[in-house]
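Take this structure, written in structure tokens, and hold onto it; I'll ask about it next.
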Amino acid sequence: MKSSLTEGVAPDQLPVAHEHQNEKNDGKQDGRLSLFRLLLKDRFATVSALILVFVGLTALVGPALMGDLATKQNLLFANKAPFTLAHGWEYFLGSDSLGRSMLARLVVASRTTLSVALPAVAVALFVGSLWGVWAGYHRGWRENVSMRIADVIMSFPSLLLAVVVLYVFSPSAANIVLILALTRIPIYLRTARAESAELQSRTFVDAARTFGAKPNAIIVRHVIPVVLPTLLTLATLEFCYVMLAESSLSFLGIGIQPPDVSWGLMVSQGRQYLQTAWWLSIFPGVAIVVTTIAANVLAAWLRIATDPAQRWRLALPRKRLIARIPAKEAKP
Amino acid sequence: MLIYLRKRIVSSALPLVVVIVGVFALARMTGNPASLYLPLNATQQMRDDFTARNGLDQPLLVQMADYFGGVLRLDFGQSLRTGQDAAAMALRAFPATLQLAATTMVLAVLLALVVGCWAALKPNGIADRISSFVSMAAASIPDFWLAIVGIWVFAITLGWLPTSGVSGAGAWVLPIATLLLRPFGVLVQIVRGSMVSALSEPYIKLARSRGAGELRVVTHHALRNAAAPALTVAGDLTVGLVNGAVVVETIFGWPGIGKLMIDSILQRDFAVLQAAVLLTAVAIFALNILIDMGYALLDARVRPVTVKA
Amino acid sequence: MTSSSKPPFPALLKWPALASVAMLGLSGCSVANSDAGAASSNTVRVVLGQEPPTLEACESNLTSTGVVVRSNVTEPLIERNPQSGELEPKLATEWKATTDTEWTLKLREGVTFQDGTPFNAEAAAFTIERAVNSKLGCNVEGYVFGDADLAVKAVDATTLTVTTPEPDPILPLRLSFLEVVPTSTSATEKVREPIGTGPYKIEKWDAGQKITLSSWDGYWGDKPAYAKAEYQWRSESSVRAAMITSGEADVAMGLSPDDNIGGLGVDYPNNETVALRLDANEAPLNDIRVRQAINYALDKEGIVNSLYQGKHQVAAQLVPEGIVGHNAELKGWPFDLDKAKSLVAEAKAAGVDTSAQISLVVRSAQFPKITELAQVLQEQLSQAGLNVKLKMLETSQHLTYQVRPFADDEGAVALMTQHGNQAGDAAFTVDQYMLSTGAQSYFGTPEFDAMIKKADAASGEERKKDFEEIFAYQNDKVVQFAHISHQTGIIGKAKSVNYTPNSSSGDELRVSEMTPAN
């Protein structure tokens, strides 16, 4: 397999793909290590990664630390302004319309938000990619039918589809995940199909075929590893989209329902207090924006880092980079 | 090209039918609208009358056959809510959304081309950093929230723009700005990316060595290559605009098809929902075909037959 | 590939430009270039929460329709004064019961419809036939008259008799819901833009954008101060408020206390009452102690003061002051958490499964701050030791819990209901909410049903007293409801308009009562 992949590119070109092989070998170690080093070289990507790790950790352990602070109401203590320690650390970010700690609610909401966004992206990525790769590899009617199905899903405004489906089945977190995943499958399906259709005519796939490898084996061993970096980059971008879609659902009153709380729901519920208590919707809004920007930056970085033709750029000092761009022939 | 076009149109017909069947079935699963349209103290007799009058007591398949029979005669049914012709309501709302979406997309593409090129001239330069931050932020803000903040700042505090409505040019600014942000943010990143690689191609070097000015190099040579991916993405983003339109039209009182669709769902106004979805789906299919053709025109290497197989 | 093989760049820029031109061309008539709604001193601009689905006169008991049509375009025979609760003459000048079941009405002379035809007994009879006895399925028929048909007879041009199958002491009140239309109105189809006898006629309805009414010269009464009324609609209350602040509208309906409209907001009692309706068919709500505990556990004062800035009033019954039958003696249940806890403990000791889940069913966006209120109620009931799950639903789903036949997939349900008695008589509340078979009632007792039947047939002081007793009895012996508050509505009003809203402003906004302030 290695030999067929090395056509014009270095063996360590696909670090992400290597993670999906269960064999322990040096290539994996190298790939990971150098990817990590590359990350440290880019300040913005590093900060973004740190932010995402922080958000992830908050979602993981934060709610336990907050105890019942996020649900404890005090009607006489409603809408207290933020940025003062006068009421104790838990009210540093102010209190909401029912006197609950904004800080605690933001922390608890981070878990709900991520537990909707991450599974939705993962499900769509998994189903869409496999389907797309399969369709693109086989081409013919399989490809045609798949693309028409994608057309059908894409031609129905996803927000409305979500509203209708969530009216039929109640708006629980699981259903929101499923419907968001369903509407985003075509994105992966199309990309994976295009890449896989291109690959299936390439020499190394041909070679594998002549040696009698089964289609599914070729897809798993030769096509998926090549396509995966693109799809993972796409997934990182989609993570932003899904978070925004979840907040739009809250605006339409059909997203996460109280007493559960997500950032999208907080922005949506806080909007009526914009003039009297701005922090109710600004803080969760900022949380969404910061998280999505971090994911965006990381996706942009990942796109370059996993592209063997561009990756060298990250390793260079900045000044030389600009000077050398026109000289490089960037065709794999 | 004509043969290709005909083939595309024929192959789009089936998905359209699937969309309508899906909407038809899903909508009816959301419950009988009788209680929404009758007084709270309506008797069972009144409910049954209502259900029968609107044909909702028939089995689903019979209802669907009736509906498709009607569609073939261009009869899309009547609105439960207003008693008007459903197709007429959808057609009346459609131009408002089309104008909004078209203006938004044209502006987004133009702005993204300018900003994306500017950023790509010096990768990792100040302009590049600023524009990527701005574009990422633009694509990350919840639209309904931005719309309300926009009204608060520009209509109430500053008094520059009307809060909402459709009267006068000023009323277009906030809805378009709200809708624009996401497509703009995504497109800037696409244009920048493809410009950076286009500018590193040998033919650019060649053009430069022939003494072409920087502006000419960018606009005449590199941009052409960079436009194709932007066009593809712009197509998908236009479809996504319908989602944005639902939110924006609701807030700004814009009488478009997004608002019509969400109202029809809330009010279980099945005929109007079906007509509006059908119209939107037709528009989206037409748009996809246009994009494929534009793509083929832009890039002679891609033969229409190979686009999306 | 050399640069010379590519078409010149301008072709690229043309594409979006061409597309935009083509799309704008395709879309035909432009929405945006319709006249810019310039404020003029003789036009009053009103912004509503939603576009009226229709202006059909026989559906004008629907809030969104009635707010435009009633008393502006069309008029009733008899009108209820929202302040005094008294019935007043409108198109009928006097009325009296001639027998047990027959009422005779004298009609106003010299009134014409906006199409020039005269108003007479024939038109009045036609209106009643059309709304109540026809197959049109008018909303007002179900709302006010039920299945009963009325026998109507035009005795002469100005005399009308109406006969009911059963004695009906409040028939004149019921008739006040009927807006009179001319005989030229279709009797087989609903009419979106009706003709009436009111001070304004419908000038133009730009679907989706606005409705314009203009003052009608042939009106029989005083000419209104404003020559035109323009209605627009925005679903976000903060946007409606902003339109007042920015001077784009003169009157805005249905604002929230947090829209921060300052001195431009006018409070008015809107006759709406919020309560929890408790389903006594399921444990643990089948035990009266648990239902009492719920009443004790709710801190009504705290809710009213902090959530609604003290503008609402703690409620002790389903109808506010001003409705015939309101019991002024009743006081809201005191907030006593300890008592609530001990009642729950008592019920538990008696074998009631107090840990069974109670679904708190609430309609999203039904009134301002309902989500907050729902969360407070859930919290307070949990404090009392009950297992409460909050369930926020949209209108259509909520209705399956609100009216018979009730959704029965759940255990015990505590449903948040917002009840507005538009009619001014407690019968409209009690028949629906308290009869054991009422459309919105979970249960009742035979004894209670008998009390209600008796009150329905009574009239005058006796009727008043009967209903007062009914409200007291519900709180003592039945406890189907945990009352929370009588609400206060907020109307946004620009300084340039003089208008005092009253309890019926939300259903019937009389433009003729508005005058320019200078």
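Here are some notes:
Per-chain numbering from 1; labels A, B and C assigned in written order.
Throughout what follows, a residue touches a chain if its C-beta (ideal position, glycine included) is under 8 Å from a C-beta of that chain, and two chains touch if they have at least 3 such contacts.
These numbers come from a predicted model, not from an experiment.
A comparison of C-alpha centroids places B closest to the centre of the full protein.
Note on interfaces A-C and B-C: more C-beta pairs are in contact across B-C. For this pair, subunit A with subunit B, the centres built from the Cα atoms lie 23 Å apart. Between the CA-based centres of subunit A and subunit C the separation comes to 46 Å, rounded to the whole angstrom. Inter-chain centre distance (subunit B to subunit C, centres taken as mean C-alpha positions): 36 Å.
Shown for subunit B are the residues in touch with two or more other chains, namely 30-31, 148, 152. With touch defined as above, residues shared between interfaces to two or more other chains in subunit A number as follows: 167, 271, 274-275. Across the assembly, subunit C contributes residues 238, 394, 396-397 that each touch 2 or more other chains. For subunit B in complex with subunit C, the touching residues are 30-31, 33, 35-46, 49-50, 53, 81-84, 89, 92-96, 98-99, 102-103, 105-106, 109-110, 148, 151-152, 155-156, 159, 162-169, 171-172, 203, 206-207, 219-221, 223-224, 227, 250-253, 255-256, 259-260, 266-268, 290, 294, 298. Considering their complex, residues 237-238, 256, 258-260, 299, 302-303, 305-307, 364-365, 368-369, 371-372, 374-376, 378-379, 390-392, 394, 396-397 of subunit C touch subunit A. The touching residues of subunit C, when paired with subunit B in their complex, are 1-3, 6-9, 12, 15-17, 19-20, 23-24, 26-32, 34-37, 53-54, 56, 61, 137, 139, 142-143, 146-147, 189-190, 192, 207-209, 232-236, 238-239, 242-243, 245-246, 248, 394-397, 399-400, 402-403, 405, 431-432, 438-440. Across the complex, subunit B meets subunit A through its residues 11-12, 14-16, 18-19, 22-23, 26-27, 29-31, 122-125, 132-133, 136-137, 139-145, 148-149, 152, 182, 189, 193, 196-197, 199-202, 204-205, 208, 236, 239-240, 242-243, 246-247, 258, 261-262, 265, 277, 280-281, 284-285, 288, 308-309.
The part of subunit A that touches subunit C in the complex is made up of residues 71, 73, 75-76, 78, 97-98, 167, 253-254, 257-259, 269, 271-277.
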